[in-house]
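Each of the next two complexes has chain A plus one more chain, namely chain B in the first and chain C in the second.
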Partner chain A sequence: MAQPIIEIKNLIKKFGDRTVLDGVHAVIPEGKITVIMGGSGCGKSTLLRHLIGLHRPTSGEVWVDGKNIAGLDEPGMNDVRKKFGMLFQGSALFNSMTVGENVAVPLKEHTDLSPEIIRIIVRVKLELVGLTGFENFMPHEISGGMKKRVALARAIALDPKIVFYDEPGAGLDPITASMIDRLILDLSKKLSITSVVVTHEMKSAFRIADQIIILQKGKVLQVGTAEDIQNSTNAYVQQFIQGEPEGAIPFKQTSEAYLKGLLDT
Partner chain B sequence: MKIQMNHQGDVNVVELEGELDFHSSPELRARLGELTSKQAAKILVNLKKVDYMDSSGIATFVEVFQKTKRYNGRLILAGLTPAVRGIFEIAKLESIFEIAQDVQEAISRFLNSK
Partner chain C sequence: MKETCGKVGRTTFLLLAGIARIWELGSEVGRFFLTSFVRPKTIPRETFFRQMVLIGIDSTAIVSLVGAAVGTVLALQAAYSLKTFGAVMYTGSLVGVAMARELGPLIAAIVICGRIGARMAAELGTMRVQEEVDALTTMAINPVRFLVLPRVLALAIMLPCLSVIADVMGMLGGYLIGITGLGINSYVYISKTIDALVLKDIYTGLAKSFIFSILIALVSCHQGLTVSGGADAVGKATTQAVVISIVLIIVVDCLATAVIYYALPT
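Moving on, here comes the complex of A and B:
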């Protein structure tokens, strides 16, 4: 595997009494696609928020491109954030701006480039996501899949080294979701971007991942290639892959726990 | 980034050294703007010592290309490193620009054209 660009060391995050991340260790190699997976509540979204500096760890370290971001102040964190792009779950486009203006936002905010140069960059980025000619459309005039692509063009506007994707296929039909997967693969290879994708969709993970990290109850359960995960003998992993309601992952607390909870109060 | 401008005959040669990125490209744009505003007919940019270029670099060259075209000027980019050439390819612009192997080849192309 390539050099690590992100290293997570013994990351613990507690919200009150609840431990959401319970000693996570993980390495994300440069220029590869890493998929972080797990069921609802496994801690994957919380982990992502640590990687982009939205949460501070209770303890542990998060190294991004040579800096422990856990100890950075806000200006320091903003410097690191310029190196990465983020594709938000709901696309998060500004509805009052055209497609082109949306893609231009990070360029206007973080650079001193002239409007003419920004306009050219926007056109190049829109071409990269297959949206040449849509510059002057408004978000409400395009489909959900196209909005995702606009959001992706915006995420790569500043030529980031790392792009984070939060559930990129959420809310899309299977064909559109697989088109977005292809785009993630394509951009990662062409632009040598490190991609970190958080998803619970197995098909998508197997299609795009160089490395898959499976989280369970705030811990890393297994790390491997798509093939490793598919061939895993771990009961939790197999249950997750198959999407079975019954198995090693308890769907609900036992009736004893329920009764104990009721009677203890 | 270092930007040096000189002449070889009637060719305006722009020598670049360092990284052409969001920070340095506005200065390059200004210097190239000096040439296009006086409608320099022959502009040669030597990229041999540029090991990194981002989208703003490519956009800067697109703009110069548009301007030179408007007044029938000619822009040749020379000495592209594989990394820089890759950026042109990703943006699907390598066939739009006139690209020479090195400065010598570019100069001889200018000479042969007239």
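Moving on, here comes the complex of A and C:
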């Protein structure tokens, strides 16, 4: 495996007295695509938010590019963040700006490039995600899939070393979703960008992943290549990739437990 | 009794904590403003100009209208009372002084509070809910610098201008009623107004208006940025922004008037 660019050591996060991440250990290799999977509410987005410094760990360490970001102050964190791009679950485009202005925001804020050069870069980035000619549209005038692609163009505007994707394919038709997968692969292979992708889509995960991390209840259940995961003997992992409602994790509680639960309250 | 005390105590605590947070936001904005002298890029220009247009141009009509209406009412009421002393011709002085010192800044602030304060809170609240604020943070862009600073600056420039417009429109409203309805000679009305007004009336009004603008912008942005939850939380923050700003404006107005006219040497 390549050099690790991110190392998570015994990461614990509590919201109040609820433990959401319960001692996560993980290594993310440089220049590869790592996919994080797991059931809804198992803490995937929370883990991602720790990697970009939006949450501070309750305890544990997060090493990004040689720095423990758990101990960094805001200015230090901002230096690390300039190497990141992040694609949010809901795109998070700025609704009062046009598509072009959205992509230009990081360029205007963090470089001293002239407006003409910025305009050219914006056009190149939009071309890269297949949205040539959409500079002057407002976010509410384009579809959800197009918003995701604009958000991706914005995320890679500064040529980051690492791009994080929170459910890039969620809510998209299969063709658009596989197009986004294609983009992720292209970025990773051609520009050797490290990608960390949170997803539910089994097919897309197996298509793009160099490494898959499966989370369950705030812990890492299994790590391996797509093949390792497909051949896993772990009952939960099998149930998860087959997408079966019955199995190691029951969809319903047993009827006794259910009855007891009803009567208890 | 005990319950009431508890409630009062809690409310006071919340109030003080709220003021402390707004103060904190204000000092952060202040720091960025100072930085902007060294590094002009600190101020996001587009947002700044967009807000100036939004506040200045788009609110002129409504502020003028309300200002003129208040001036008219004031003239009518004043003349009615002044008649008893045979001093109707002093209507102009009264309207002029009241508008410049008090009503102009206050009317402009309250109209802007409803129009712009609510809008700022709703806009920033929606941005928070839709992860746009988080997106800024991950792009290493400070949301206070990028969102709050331009709004505070735009309002601090525009509100004093609007309050001058309210002053003038109020006096104009009074003047029109004075010469038509009350039968005061036009020349007398104008000269009484000018005699009564001193420079201090104008600049204290402007100073107040400046303070109000900072209050409205900080309170509204703070309410917006601290939204957590969904659409209902945004709605609540919007209402809160308007209510808190108006209460603070009135309180600060009382304090400022007391200080300017009683505590400071004349």
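FYI, the second predicted complex is superposed on the first by the 249 of 265 C-alpha atoms of A that agree within 3 Å, B and C clash if a C-alpha of one lies under 4 Å from a C-alpha of the other, contacts with A are read in each partner's own complex, and residues count from 1 in each chain.
We adopt the following convention: a contact is a pair of C-beta atoms (placed from the backbone, for glycine too) under 8 Å apart; a residue touches a chain by one contact, two chains touch by 3 or more.
Fair warning: this is a prediction, and the values are worked out from it, not measured in the lab.
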Partner chain in contact with A:2 - chain B first, chain C second, else both or neither: neither
First (chain B), second (chain C), both or neither touched by A:116: first
Partner chain(s) touched by A:96 [first = chain B, second = chain C, both, neither]: second
Which of chain B and chain C A:52 touches, first, second, both or neither: second
Partner chain in contact with A:88 - chain B first, chain C second, else both or neither: second
Partner chain(s) touched by A:106 [first = chain B, second = chain C, both, neither]: second
First, second, both or neither for A:259, with chain B first and chain C second: neither
Residues of chain A at both interfaces, chain B in one complex, chain C in the other: 110
Chain A residues within the chain B interface of the complex: 110-114, 116-118, 120-121, 124-125, 127-128, 157-159, 190-191
In the complex with chain C, residue positions of chain A that touch it: 52-54, 78-79, 81-82, 84, 86, 88-90, 92-96, 101, 105-106, 109-110
Residue ranges of chain C touching chain A (in the complex, touch as defined): 41, 44, 46, 50, 123, 126-127, 130-132, 134-135, 137-141, 146
Of all residues in chain B, those that touch chain A in their complex: 22, 25-26, 29, 54-56, 58-60, 62-63, 90-93
